[in-house]
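One structure below.
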Amino acid sequence: MRVLSYTYLALAYVFVFLPVVVLVVFSFQDGRLPIPPFKGVTLDWYAKVLGDDDLMAALLNSLMVAVVSSLVALVLGFLAAHALARVRLPGSVLMRGVLIAPMAVSYLIIALGLLTVFNSLGIRPSLWATGIGHVVINLPLCFAISYAAMGDHQKAAERAARDLGAAEWQVLALVSAPMLAAPLAAAFFLSVTFSWDEFIIAFLLTRFDVTLPVEIWSMLKSGLSPATNAVGSLVFLVSVTLVILLEIFVFRRAK
Amino acid sequence: MSLAAKDRRLGWGLIAPALIWTAAFFILPFLAMVALSFATMDGREVVRGFDPGNYVRIFSDPTMLGALWNSLEITVVVTVISVLLAYPLAAIIAFRVPARWQRLALLMAVLPFWTSYVVRSYSWLLVLGQNGVVNKALLGLGVIAEPLEIASTRAATVIGFVHFFVMLLTLTIYANLIQLSPNYARAAQDLGASRWQTFTHVILPLTLPGVVTGAFLTFVLCIGDYITPQILGGNTELTLPQLIMLQLGRSGNFPLASALSVVLMAVVTLAYFASSRWLRLDRV
Amino acid sequence: MTAGVSIERVSQRYGTATALDAVSLEIEAGEFVVLLGPSGCGKTTLLNIIGGFAEPTEGRVLIGGRDMAGVAPKDRPTTTVFQDYALFPHMSLRENVSFGLRMRGISRADRAAKADAMLALVGLEGRGDRRPHELSGGQRQRVALARALAVEPEVLLLDEPLGALDLKLRRQMQEELKAIQRRVGTTFVHVTHDQEEAMAIADRIVVMNAGRVEDFGPPREVYLRPKTLFTAGFMGEVNRVPVVGGHAPFGPVAVPDGTLCIRPEAISAKGSLHIGLCRVTEAAFFGTHVRAHVTPLAAPDLALLVHLPQSAAVEVGTLLDLGAEAFVVLTE
């Protein structure tokens, strides 16, 4: 059993890492095509990618959209979760359902719906439009994480703060948010990665200024190239660094 | 004003921004899309109205029915394979790997989850292509004489999807398994259950909500995805999202694209009701 | 600062269920009052209404003569020590204790000084930089008390604050609580279901049952002269003997008709109300006393519980001539 288990684990790792390893290895390919045989190591493709103004602009756009839309989603989700956890409101089950609903809807449908409305209102595709869409997809996540984290312990501390004279904004800022620091940070970073990686909404709702996934998509159209490998490897490096930092500083402490 | 009324007013104030956002940018657009699905095209102009023609066309045109069918087949196959592969992986990490290595084992198993979605599909193209790593390796080893045609087939789409969803499901199933008190399994075995009986009678039922929730998310994300089939499946057979994007791009037929989206939404809703008994969407 | 609390015909209903039924109470300024009763009797509901965490369906609450209708908890001259302490886990003890002062806009230096003084008052001198998770249950309890007292409330509300502590620590904390209350002079309203705790700390005890006040008085009064059968039974073990037409089952008694209530420790050989010869049916040594069940020879169906002196040499079958020293007759 033990041997079987570890064999399975090893095979799973091979499957999971195979494309990533191929991606990274051939980003150093000293040749025009990122496929075997491997012809030697060069950093030319990285130099080319880092010198590509369009790509760097797209990267900055993505970062901006991701951070701003995640912040908005986090604030909206946290406040809504706080309200539903604290006050008995009529129709609270329905409201919870409405706030969670976008989670169960394909991004393509959300994108097409927004495109329909923006078209008929004469709003042009832009990074703002994309950001609005990204708040829609991340709001359920931020709401659900915040809501699930609000236990009795939390409610008792909030009640004590109110009893000691705190106004509602003070309760939120001095007690609720700090007590939920770890889950809120997790919700924020998850939102950032989802927004950062999101393609279809950004593809349909941007035109001239685009986000990174859309820019990569247009690189793919010109066929296989080690340059695409280099971009992919860089994105992987950044994401993995972020995940590891998150693991060390947020989830470790949360336990 | 009474205290309860003040509390309620405050509650409404706190929840209003999120509700308004969801109503304005999710519900309203969805309704607008439904309305648009009943419009028709006159040349390149959209003519508003109430014409079910788009739906009639979807369910009579073999190309469109085919796309719907392809999407369903691929999604069901991907969901089943992913669950079957992810459950043992999650279980091995949760129960076999020593506690101090578990976080690391899990982190490693899902690390590529955090690469760019577009790039991940592209990477599989490098692996599975005619001159890709797999073919070169198999040819080099003499296992095959001719390169396999994997890229630009349904198999490639399924492999690309499974790769992504195995990681997603491993995460959610692991989270469920690790919450179980080891005393459940101990109690079952103490009462004479075999390992297998312990699994089927105790562990599996207890983790079922988590598995179903993960499978549902897999279903939703898979059936609505455009990138993976577009990059890996080629254009030999279309999925529903590819068909929708074709309508938007080539002909600018927004009404038909909307109708196709409504059908996609209907499929997801059916899946929701089929699994709602076990779904825990607010505790992902 | 201290203030009295007037509760005027307060009722609390949830749908058809009644948690409080027209409760009226006058709590004096500076008094240590304990709300005592079984779970579900309405004592916590009443405390929540005084604190402003719930609103009564009917009636009103006055604190220091001021009507509290529509006044939020934060604006009331009350603070609460919660059952689960509700300390802020992300703040040091000093920050916890000075939180209320911070909300009142007091300068950092002043509130730190006040917080340290309060921590000293509850015996946690010099631990201001610790965090709640580093403390034991009893210490957390003290911090919660210091935090609630730091804002100098007129009335301090305590919601089963000792419930989570083990017996020995609970007894010790009771004494400290009483001492601290005497020192600060604030009105304390304390909820508990433990009648020994109530007697140990209260100036006056409010006995509650099913949303009503059964009894209200000093511990001695409530224990020895209960006004209702419920109080008699809840405050401690009691023998209930029916009296009809001047006759108890064991013979004539010179008391009005009703239920004769006698505490087990009030039955002895020299009691003035004569019971007569009794046979011991069960006896056990309890350390401070001998606990025995006896049956009067004149009333073989009656079983009485008796606490005999430590020195009493009794065993099953022993005959004793007994009488009751203190008793009360309740007619209801």
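For reference, chains read A, B and C in written order, and residue numbers begin at 1 within each chain.
One rule holds in what follows: a contact is a pair of C-beta atoms (placed from the backbone, for glycine too) under 8 Å apart; a residue touches a chain by one contact, two chains touch by 3 or more.
Just so you know, these numbers come straight off a predicted model, no measurement behind them.
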| item | value |
| --- | --- |
| Closest chain to global C-alpha mean, per-chain Cα centroids | A |
| Contact-richer chain pair [A-B vs B-C] | A-B |
| Computed distance of Cα centres, chain C from chain A, in Å | 55 |
| Rounded Å distance between chain A and chain B, as computed from the means of their C-alpha atoms | 16 |
| Intercentroid distance (Cα basis), chain C paired with chain B, Å | 59 |
| Residues of chain B whose C-beta touches two or more other chains | none |
| Residues of chain C touching at least two other chains | 72 |
| Complex interface listing, chain A residues touching chain C | 152-153, 156-157, 159-167, 170, 174-175, 178-179, 181 |
| Chain B-touching residues of chain C, taken from the complex the two chains share | 52, 55, 69-72 |
| Of all residues in chain B, those that touch chain A in their complex | 7-8, 10-15, 17-19, 21-23, 25-30, 32-33, 36, 85, 88-89, 92-93, 96-97, 103, 105, 107-112, 114-120, 122-127, 129, 131-133, 136-137, 163, 166-167, 216-217, 220-221, 223-227, 231, 241, 244-245, 248, 254, 257-258, 261, 264-265, 268, 272, 281-284 |
| Parts of chain B lying in touch with chain C, wherever the complex brings them together | 1-4, 6 |
| Touching residues on chain C, where the partner in the complex is chain A | 51, 53, 72-75, 78-80, 82, 84, 86-90, 99-100, 103-104, 147-148, 151 |
